[in-house]
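One chain, chain A, links the two complexes that follow: it is found with chain B in the first and with chain C in the second.
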Partner chain A sequence: MRRVRVLGFIALGLLAAATALTPAAQAARKLRVVTTIPDLKALTEAVGGDLVDVDSLSRGVVNAHEIEIRPSMMLKLRRAEVLVENGLELDSWIDVAIQGSNNANIIRGGAGLIDVSRSLPVLEVPTVRVDRSMGDVHPRGNPHYSLDPGMAPIITQNIVDGLARVEPEHRPTFERNRQAFLAELDRHMGEWSKMLEPVKGSRVVVYHPQWIYFLTRFGLVEAGWVEERPGIPPSPQHLVRLVRTMKDQGVKVLVYAPWNDQKLAARIAEEAGAKPVLLAQMVGGVKGADSYISAVDYNVKALAQALRQ
Partner chain B sequence: MLPELLALLWAPFLMCLVLTGIHAYLGVHVLAREVVFVDIALAQIAALGATAAFLLGWELDTWESYVFGLTATIAGALVLALTRTRRRRVSQEAVIGVVYAASSAGAVLLSDRAAHGAEQVRTMLVGNLLAVNGAEVVKVAVLYGLIGVFHWLCRRPFFLISTDPDGAFAAGWRVRLWDFLFYASFGVVVTSSVRIAGVLLVFSYLIVPALAGVMLGASIPSKLLIGWAFGTFVSVVGMIASATFDLPTGATVVCAFALTLVALWAVYLRARPAARPPSPPLAGPA
Partner chain C sequence: MTGTRSISGAVAVTLGLVLAASPAVAQDAETLRRELEQLRRSFQEMQQKQQQAIDALTDRLRRLEAQPQPVTAQPPTAPATTAPPAVAPTAPAPVAQTPGGFQTGPLTPMDILRPRQPFGLYQQRGAGQLLFDMGVTGDFVGNLVNKKLERTQLGTFAGRENRFFPREVELNLFGQIDPFARADVRIEAGEEERGAATRVSLAEATITLLTLPYGTQAKFGQLRNRFGWSNAIHEHDLPWVDRPDVYRIFLGEEGLVEKGLEATWVPDFLPVYLEVLGGVFTSDNETAFGGGRLSHPLVTGRARAYFDLSDTSAIQLGTSVASGDTTDNLRNTLLGYDVKYKYRPDGWLHPLLTLGSEGIYSIRRVSRSTDTTGLVDTDGDGVADTEVTTSSVSRRTLHRFGFYGWGEVQPWRRWAFGLRYDRTQYPVDPGYQWAIEPYLSFFPSEFLRFRLGFKHTERSRDTVFDPDGPRARVGNELFLQGTFILGAHPAHQF
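Then we have the complex of A and B:
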């Protein structure tokens, strides 16, 4: 009996010690945020700072249209207080996981669901009826806007508003963080614009049409794409027309992402006398592109170098 | 349009001819051994090996990736050689089926972990014929030529074991060893072909021309010649169809194989003499 009591006291003592060591963590409990793509994770961390603990459900190298839902994702979603999504049907794969997570915060209409495409000026909104025969073309416009630095103000504003819905007392902090981040981004924008100024108006061919926002931001022109119907391999006729366009219009660069077929990109570029250039399609898409600013920086530098030759 | 199409398609077309050459020959063996799915199983194992390499950071066109695929295929070949039992208690086809399913699922699991796995898996299925260039055609032709020479030198045991395994056992050939050599060289071919043409197209090149040869030919040489002619013909038709009807090339050639086979089958059924004996007369009234 005595032994049990001693053990009991030791256990209590350990528990007390453990509790004593955690008040710091208790006081600064972070908001649990989950984002669909890594760009949004980077921007949420820029806005939330120490107040948020952010997880991204996908990595920067993947094809963001089709992500396999894994049990670990459902687990993360179940515990999430906020979900940040890209919208415009890029991450419609998340819907099944949201339903499965049974988390009232993040269902459609929930307080914790942030769609950062709200009030965003969308490009390439289709003007004709879109159906499955056109591949997985996006019926609500091109959703690949997240790595266009010019969209950062709107995206971060949506994130601030969303986070403030859940934790209104921290709104001033979120706003401050946002301003600081945008200020730094502005500084870099100056450099980036200068780097691409000499090659403004250059025509570029892309593998998959996910670069339009970025190219337009810096005055470059998208002259065509390899995967005419995204998700379906290109036919010989399409490739012939593309090569012809590239030769006629003096296109010197073919932009592709890590998940594209590098071998085919190289073959087409070789045929057309152009260079294949790998760009970071999202944060973490290539080595050296691990933050939002470094990812954009990488892309600008790679393009500038390829186009100047 | 035409000269540009030719510029784009000449290398893929030559590759198709190279594939026809080696695969029609191997297909005759495969049909004789009645292990049709060994090709698709080994092709899938090769894809699994490449996916594993991919996970470790080696892209599809590196030699490390090739070695991974090859090692996996050789291991698969070993399994297949060792599971051939004299008494055929367990159908080898069942083993092959399990191997295929396991390596397919394994590839999905691995590519889930890897960076852009879904695209990887899809490419290994339909292949990447349009991205082939002249240098690659030469490399593959030389490799397959060497394997062809090897098979020519070993033609006696290979053909004997394929067509009459019991006789081979009786005659004292070390059947398991020759089996392993056959499947290993087969594995080298499949590993290389899968990266270029994908699992489905490799399977078609292996089985369909050989089927045509078996349907129409009597002796081994005639089966081979018919198979080569058939494979060449379908490659031409498939590439022309892909170019004319604006369709992805790999999938078109696979369908061309299937359709031409169906047409051939119809002709074959019509042309061959009636085999069934006349039915006995009805019993008259008792």
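Then we have the complex of A and C:
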């Protein structure tokens, strides 16, 4: 009898351990979604609401071009039912992680893979032959479109279509959530446009060419890059030319992201008589930019303030 | 009479039918009117819907056309004045995502049997685009050694001492074959010995089945085995100029490259990443095995676990096994361990510190013939007076071990400094060797790297390489390496 009790306790213990270890038990009835970048996590949460459990493979402070493939990413992907990727080769590292995840749902051609760059009006698509002498160029165009809130309708539509492919019965809810989110975004859009209206046409120098969608949306002009070629550290000659250009054109602001060389940005700005402005390249890029709207809000306010001075 | 009755009957039937049909005709006309009205309403509704769809598309087209063009400084232009369009809460037209092209979940046995069409992938790319990726990597090595080492050819690059040579120029072709499988092909060329023509060979060619059930995947073809951490890495991607001594000595200069099948399983119920691998190969590696037939296969296994210690640091632990027959049809079993740690400060594009170690423990059966000489009575006089040598073959098991430890510091994006320490016994011969190798790497960009290394090797006094030739117990080598990547190259794992 004692032996039976002991065996019973052991069986119960094993059952409890197995239950605790099973992530599916913790996230029951929610669609498990993984995104490559935090902006897409925020937008997927806005669309999916309570029906999704979303995790991002990268954080807002890192360079999304150069993410190290950790096996822990593969574990997240192994459990994912849906993967949302930025596309346009910003997050092409994801292919290695997908392969290591052994998850058939999210491979290329799988129903669970959503490329949100579909049907987007892509900027800076090269019209001439490109090669690596131009640096880390993107042959299909600039991939940093999520910085532009005006792209949110198309991005979220792609997300709705992708989620509904996996869970068609929830399409009306996804659509409803999307409409509510876009309505809120539209309210903010009016404020943001008003805020940047007085400085429209201002020239801005950026560290890495990742702000073109955002600047274009609000009528600002990209006057130059700190990186002479994308992804390659600048030469001293280029920096001398850049400082001269900034002085000649009266550029007041140098925009940089958390992963850029902040000391270099500050030095160039100082020499050119401009102000270095740290912007949230993605959700979580700076303190307080915890949601998609707050990240855009932070960027608009920081830029408006710097350009008005 | 009969005729009159018949006519009366016919009239009666006709009248009956007419009387019965009159309300029916009236009813039909009413029904038709209703149906016509319904059709008209349906048509109007449809027309309205079509108009709405046209309006939505027109609206979307207008918004897209109103998208301001980017204004950049090259060439300098006037500031953009186009008013930014407000965010439109109305839904843009649904984005077509070719429903037929998507695979919905793992395959069942019936799915595997069913004919398939790989159109899903094709539709994701535009016409005229290449449906796979390709790239070229080039790895050139300069090897400067002292004269003794050149004469004995006991250096790291035997037969290529004091030369600058293309070690590995590789053409990589990879991509998905269809929605269910991918292929990786690597063709390489390199100089293998002094003055010899550059040889082109197939380095790897594999098919990976991606949609197997229960978190499994199968890969078959010719491949670099996932035995340990560094064996699967190609020469140009190694963090050092040369492959660690333990791999070169136990598995040959190329490491373990085999033809066969391996399958992996990644369970999704564990709190950490664990990959379990099993494989069966033809056992072509003559340094360690050499069975060369599936009837005497090389069987491999590996388990790899990974732990995120924090957002900035992580450790990977692995254990491997490879067991097969040698050319003497005797069993050789290799047990391996590997550990790798990385620390990458927040926001850095590269790790600041990388530490790692791998080791191989060999359990190898060997046969050794022993000659015994003694006096034998051959003429029957009862006196052993003739010297006779008899040979006997004995078998025994050799236990040998080798490992390396390595550390690398990369304080700047373009520069990395590292040090590797090797110590290994020989799989069959007695003795051991140790080596220390400091190196310096310079990365002008992500796609170009130069490396300078120095290797000091010492062998134990009981080492016997060539009893008839000279020995080189101490060796010093200077390495120069230049590596480029042209085109596509898969991202590196942890």
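Just so we're on the same page, the second predicted complex is superposed on the first by the 283 of 309 C-alpha atoms of A that agree within 3 Å, B and C clash if a C-alpha of one lies under 4 Å from a C-alpha of the other, contacts with A are read in each partner's own complex, and residues count from 1 in each chain.
Assume contacts are C-beta pairs under 8 Å (C-beta built on N, C-alpha and C of every residue); 3 or more make two chains touch, one makes a residue touch a chain.
Source: prediction; values computed, not measured.
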item	value
Overlay on chain A: chain C relative to chain B, clash or fit	clash
Partner chain in contact with A:258 - chain B first, chain C second, else both or neither	both
Contacts of A:29 with chain B and chain C, given as first, second, both or neither	neither
Residue contacts on chain A - larger count, chain B or chain C	C
Partner chain(s) touched by A:233 [first = chain B, second = chain C, both, neither]	both
Contacts of A:190 with chain B and chain C, given as first, second, both or neither	second
Touched partner set for A:287, first chain B, second chain C, both or neither	neither
First, second, both or neither for A:70, with chain B first and chain C second	both
Which of chain B and chain C A:61 touches, first, second, both or neither	both
Stretch of chain B, among 1-9, 73-81 or 109-117, that runs into chain C once the two complexes are superposed	109-117
Shared chain A surface residues [contacts with chain B and with chain C]	59, 61-63, 66, 68, 70, 232-233, 258-259
Residues of chain A touching chain C in the complex	18, 21-24, 59, 61-63, 66-72, 74-75, 78-79, 92-93, 95-96, 99-105, 107-111, 115, 118-119, 121, 123-124, 132, 135-136, 149-150, 152-154, 157-158, 161-162, 165, 175, 178-179, 182-183, 185-186, 189-190, 193, 200-203, 212, 215-224, 231-233, 245, 249, 258-259
Residue ranges of chain A touching chain B (in the complex, touch as defined)	59, 61-63, 66, 68, 70, 232-240, 243-244, 258-264, 266-267, 270-271
Residue ranges of chain B in contact with chain A within the complex	1, 4-5, 7-9, 59-61, 112, 115-116, 118-119, 123, 126, 128, 130-133, 242-243, 246-251
Interfacial residue positions of chain C with respect to chain A in the complex	64, 67-74, 76-92, 94-95, 97, 99, 101-107, 118, 120-121, 124, 176, 178-180, 182, 208, 210-213, 215-217, 264-266, 268-273, 275, 304, 306, 308, 311, 314, 316, 342, 344, 346-347, 349, 351, 413-414, 445-447, 486, 490-494
